[in-house]
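Each chain gets a letter, A, B and C, in the order it is written, and its residues are counted from 1.
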């Protein structure tokens, strides 16, 4: 199989006994290669994910507002989202390559698409689940539609939106590993190379472990964000 | 902010029709609610009472006719300004779950530009008025019982001191014991603040207890009778009204008067006693329980006279 | 991985031509792809579906259902495939099958659990009061009512498994993924062509399962 361009992991043939025999957990390899392999991959992974989530969030919010205001549009937009979601991540990457090339753009477009799909459904559902009597009393009290939206609908939709954000974040971090098929970035790359060359267990475990840890950390962080934003649910 | 005086409300052939040749939900309703009075809209389901209420704050637009508040037609005002000047209480309260009790109460004052300090003081004042402890101010609606929530809903509705208050079956979702207490407290509150109130209910007993005047709407939104509870109970205009108030309307009428409104006999003596504030209905019930003919009326424990069964029953 | 070939939209045309020129190859690879995917899906169904349904019926194990779902989401498919190669299963068919099974389980389990546990409690109580056995309640009351959600979980799992089987190619698996990662032999046209096939496959699976769900609604109502 052909390897894409980019720095190849330094040959560790001259390494310790642990490394040459492909041990499970070679701490000396980890120590010496943290700086040039694992850490950059981690940083790239975070960058890729964060960018996709940020863009996806903004786009989803815009679309959700449209789909919420104009119920007629919700159907088509939703159906389109569901359809896109059935395209496997790797396939989406490959399909975009002829158009946007072997670049980060390709990866970002695919990642943003998936984030968008998850978030759109969630945001619309969150807005639609606002208790109707709160809306009726707000209207009766004389709040303008804009005031109702900003002070009642949106705040009450936040819990559902953040829940969706949790799912989208973890999914994005997960799918970003596959980005290694297209560009030499992210935590998928060390895994990919290790699988192709000689199954270096430590590398696979380290990169894989980092990825899982990243996803779990993001999930926990967002749980705290959700708690912080919804003081009324703890009452 | 609205003027503290109560407003006079006039329905002038107010009509609501759905569709071109559709049914009339409210049929040329005409009545006047004097300032400071409680008018109860009551009737069977489909009678249009909630629709009539929502015509006032334009949550439902009028098809025909007019509604005037202190002489000004509701259609001549900006709808948002109109609603801010009317208190609105609904059955499920509709408190904002994401805001504290204090913030909920301050909703309309905030729309008028009042600052946090003013709202906090006003909320404290209102919590006391509706009978809730000050500690409720920082709590969230989710932790309150139904009765407590409705009290907050009431406080929220009068926070900006509107001259008119609309209440749509506010106590219907509350259990009977708490409901009775809320009704009493509401009457006490009304005695203090004296607003014009339009109150919708399907419960005839509630209507009789609360209303200064009752408007009975029959199916199709037609006004059957508009009069004081006494008048309706003693002189229902037709069979529908008579049926609606119930076959026990005579007894209901007895519940409207107390012993101190009756002429008392000079003699006292032994026999069961009751305070002069007791309703005639309860007095009669007491006589029956004690199997007595004469009831001694007291004032603060001191006998002041007596009444017999016949006196009450005529 | 993809070499920096020339890339322009005409590659799509080339891709379709590739498909047209190599039907036998694609059919064989698709067959192997499906073999892997369906084996994993079948095992996952046997393991997770009864468990999810039963736990939902008993209203037990909510924590388990939620945790499995969270963990399942956090597990990147590539990582799982890689980890599977480290086990004694080696590189080939079975390590990938195991990995894919693990990926399919969360969605099936969680959806089955919530589908059954959120059936209207009054309906279940009425059935119980009428004397239906627990097993009958699950099979004849809860399952029919919760079927859409259960099928949704299976559908998601199926899509996920077919898609991830593609990645399995780099870990010794066979199937359409082998074409996708081998650009040297098949060219960019081949890579994109095979990707189109994978997409088509998932759409087919999704559509099929949707149809199955919908047709289960058309059961005639018993006349009162």
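By our rule, a residue touches a chain if its C-beta (ideal position, glycine included) is under 8 Å from a C-beta of that chain, and two chains touch if they have at least 3 such contacts.
Worth saying up front: this structure is predicted, and the values here are computed from it rather than measured.
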- Steps needed, at minimum, to get from chain B to chain C via touching chains? 2
- Which chains share more C-beta contacts than any other pair? A-C
- Centre of all protein Cα atoms: which chain's centre is nearest to it? A
- Using CA atom averages as chain centres, what separation in Å is found between chain B and chain C? 60
- Message: Using mean CA coordinates as chain centres, what's the gap between chain A and chain B in Å?
- Response: 56
- Message: Report the inter-centroid distance (CA atoms only) between chain A and chain C in whole Å.
- Response: 20
- Query: Which of the residues in chain A end up touching chain B in this complex?
  - Reply: 131, 133-144, 147, 151-152, 155-156, 230-233, 235
- Query: What residues of chain A sit close enough to touch chain C in their complex?
  - Reply: 1-5, 24, 83, 85-91, 94-95, 97-99, 101-102, 167, 170-171, 173-178, 180-182, 188, 191-192, 194-196, 199, 201, 204-205, 207-208, 211-212, 215-216, 219
- Message: So in the complex, the part of chain B that touches chain A is made up of which residues?
- Response: 57, 59, 80-86, 88, 90-99, 107-108, 111, 139-143, 153, 156-157, 166
- What residues of chain C sit close enough to touch chain A in their complex? 1-4, 7-9, 11-12, 15, 70, 73-79, 82-83, 85-86, 91, 159, 162-164, 166-167, 170-171, 177, 180-184, 188, 191-192, 195-196, 198-199, 202-203, 206
